[in-house]
Amino acid sequence: MIITKNARVLLLSEEGDEFLITVKPGSRFVTHLGIIEHDDILGKPFGSFVVTSKGVKIFVLSPGIIDEIFNMKRKTQIVYPKDLGFILLMLDVKNGDRVIDAGVGSGAMSYAFARAVGNSGRVYAYERRSDFLELARENFRKWNVEDIVELKLKDISDGFEEKNVDALFLDVPTPWDYLHHAWDALKSGGRIGIVVPTTNQVQEVLKRLYDLPFVKIEVWEDLFRPFKPVPDRLRPVDRMVAHTTYMIFAVKVG
Amino acid sequence: MIITKNARVLLLSEEGDEFLITVKPGSRFVTHLGIIEHDDILGKPFGSFVVTSKGVKIFVLSPGIIDEIFNMKRKTQIVYPKDLGFILLMLDVKNGDRVIDAGVGSGAMSYAFARAVGNSGRVYAYERRSDFLELARENFRKWNVEDIVELKLKDISDGFEEKNVDALFLDVPTPWDYLHHAWDALKSGGRIGIVVPTTNQVQEVLKRLYDLPFVKIEVWEDLFRPFKPVPDRLRPVDRMVAHTTYMIFAVKVG
Amino acid sequence: MIITKNARVLLLSEEGDEFLITVKPGSRFVTHLGIIEHDDILGKPFGSFVVTSKGVKIFVLSPGIIDEIFNMKRKTQIVYPKDLGFILLMLDVKNGDRVIDAGVGSGAMSYAFARAVGNSGRVYAYERRSDFLELARENFRKWNVEDIVELKLKDISDGFEEKNVDALFLDVPTPWDYLHHAWDALKSGGRIGIVVPTTNQVQEVLKRLYDLPFVKIEVWEDLFRPFKPVPDRLRPVDRMVAHTTYMIFAVKVG
Amino acid sequence: MIITKNARVLLLSEEGDEFLITVKPGSRFVTHLGIIEHDDILGKPFGSFVVTSKGVKIFVLSPGIIDEIFNMKRKTQIVYPKDLGFILLMLDVKNGDRVIDAGVGSGAMSYAFARAVGNSGRVYAYERRSDFLELARENFRKWNVEDIVELKLKDISDGFEEKNVDALFLDVPTPWDYLHHAWDALKSGGRIGIVVPTTNQVQEVLKRLYDLPFVKIEVWEDLFRPFKPVPDRLRPVDRMVAHTTYMIFAVKVG
């Protein structure tokens, strides 16, 4: 695939430095490894390389969803890829689904939902802070999902505008306040996912979930550990992420 | 959504017993909790419940991908959902992609790929054992992805028949033997994922990967820990899965 | 070292079966691997082997503290070796120390303390249930620490009888009720350790600790993962312990 | 306990800054929190506090073994307390034992062994680099165990000078080269512990262990995770140690 105008490109040095850019004719990207002319990238295939003004070899790759999430403009804590993939599966999000994402933040989760539901699906993305909303809008445009994600500048304390959604995701500070609204918005048999960083919050969410017609209530956490990819000295890295969030799941009945 | 003939239904008791069935008019499902007539289920909405001959309440839910994977007929070790979600993200599999899955086994990974690539995409599923292949075929039919997954009874030691695939997944005992074939099949900038259970295999894969034009080589493992979902006594469960697989990723260049 | 009458002996088969016995002249030990005459063991050195009536080779080893803990008679949840070693270090227990162990249970922790403080030290072991106390007494006799551990059948709600102890360990259901008593019993600069299985209990303990003159407050948990010790297929085992306890530590000031 | 001349003192601010000093009459300790006169500390009890020249309150505590290890002068990778406590238990080191520590480094492990064996025991500490040895010697003096630890400037490729030791610990780059010497030095039934950072090294050690008369061969790793000790927002910290070492254990027979 040939790199064209406005393409997203992940620049990768042999030492592992990474930069994510949008290619613009005439632009230049300045880094400690030297200068890269965007025009040198245009027309090249993904997977090829360019050489900086300092003679450093730089691979030009097509950024994946994880590259986009870790390199996006953000003002909020993100849902990490390590959790995100599992959430997509636990919520069983698939082509054509209608999904609510409440507490959009910078938009990583909505982006993942949008890719999973495709053009025949819909993501209703609630955010009450207009600065976050504008940032998310910008990110969605960049990621080409602005036609799938419907952004709503709205507090969810009055409930959701949709009914019968297939799945609903809550990433807000006090999710227990909105679980009855979530139940209302979900289809019967629909799935809810909630992320909270503290054990106190998990306790509050669970209490409220048991008061409502939800079943299959589960709580998970995960630890992802990278290894140094050295065949003769294979071992985990020295330090790792210790905690991002607890994940709570349930299914609406009744 | 109303449950119709041939629907997949997850039966869930209040104590957490789970059974996955395909609804057939006139059939009955016999369990230690009593008998359930399929006809009692037909016409009910997902999220409702039936009562067994012993008076036990059973919820009728729509099975998600994780329910299907854990309840499927299988003869092989499966890729666990905990790993599977992350692999989908790391391989950046999305609508319209063409993906190779080598070492299909019972088909869990191909199923996940099929859902991610959708009707405009394609999964080329290689398996050399005909008994595994037939089982996978049966599973794909059940999951409604037989039009997306192209099953191939074929040893991969002669290489893959496709070129320019977006992603390739290797789940075979000696993946290092096929990495050059994988490189041939991938598009420039395409992504490869490899799963192996032992550290010795990781070492072998890494050695070979460094001999070929691959970059962004990463090795990961993960630990997922469920909690007892009891709000007043919140704590992890007593025992957990300690290990399923190591995951290795890379991107083709050049 | 030669095995003599009343010695503790760990029997180990080549397949990894383990049995812990006290050697008595004239006794016999019956197992599915065949019968072992104690007289065959007497006089042999530790590290040698005997052969059962069925011809199975059995190594006769000297049991270590971990073997004793996992094989002891018990009626209670034990402090696991994985946690125990860290607690000994965090409480800085050493030769000559005076230590309180409240909530003795079957005595594993007191045993570990007794070995660390030696003959010049003292362990004050509080237990309010007489059946647990008798079991612990029996265990201490077997382990030869009955002169170091002073067992007390006593509820700690009235406080501890000792002052100026070097360290204090609380393994009771509601430790927050006794933290002021613990403070009274500790020397200035003395260390406290508390174990509780649930996050709710950790929260309660922390609240109370911050109300009292304690500093250096820390909370830890640990995961220990065994590997299959196979050099050509090195990998973690399939399943592991997910959780035993949270460990809380603090130092008395003031 | 009153702080006297040459006492080791752990200084702790309310924000958690820690400094470990040896108290010398007339000295002053300069830090960003202000100056502390050693004479202000002398005569105070452990657990009390002093005030710096800037008015900052500083607790004066008695350092525990973990404080000493993390604050010691070192030129080498240390054995972490998280591993160290478990090793002490697995090697069953106790009062009166004779233990070999090969690859002394800065001396943390020998220190822990020395405390466990007491005055009636003995630690034979091998180190081939004289600069490490001198540093360890200085540390042992500081920790008051120089009469228990016998330092030996010696390469272990010619074997160990002791026989019938109770336990032996190997912390060297190629431990498989010395396992036969270790076997020679151990008593029958004695225990060996080996630490190595990479999976390749574990594989090599296991291969060699199976060639020698060792039983009860085990491989472990552990993850210790600290929590933020905040009762209303209880959660793990953001980042943690991902890996220090693999631990291999075995028992000599034959």
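The chains carry the letters A, B, C and D, assigned in the order they are written, with residues numbered from 1 in each.
In this section, a contact is a pair of C-beta atoms (placed from the backbone, for glycine too) under 8 Å apart; a residue touches a chain by one contact, two chains touch by 3 or more.
Remember, predicted model here, so these are calculated numbers, not experimental data.
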When chain B touches chain C, do the two copies use mostly the same residue numbers, with over half shared, or different ones? same
Chain A onto chain B, same sequence, C-alpha superposition: rotation to the nearest 5 degrees is 180
Which of B-D and C-D has more C-beta contact pairs: C-D
Report, in whole Å, the distance between the mean C-alpha point of chain C and the mean C-alpha point of chain D. 21
Mean-CA-position distance for chain D and chain B (Å): 46
Could you check chain D for residues that touch two or more other chains and list them? 199-200, 202-203, 223, 225-226, 232, 234, 236
Can the chain contact pattern be summarised as a line, a ring, a star, a complete graph, or none of these (other)? complete
For the complex, which residues does chain B have touching chain C? 197-200, 223, 225-226, 232-243
Of all residues in chain D, which touch chain B in the complex? 199-200, 202-203
State the interface residues of chain D toward chain C in the complex, per the touch definition above. 1, 12, 14, 45-49, 59, 61-62, 64-66, 81-82, 84-92, 94-95, 112, 115-116, 118-119, 187-191, 199, 202-204, 206-207, 210, 215-232, 234, 236, 246, 248, 251-254
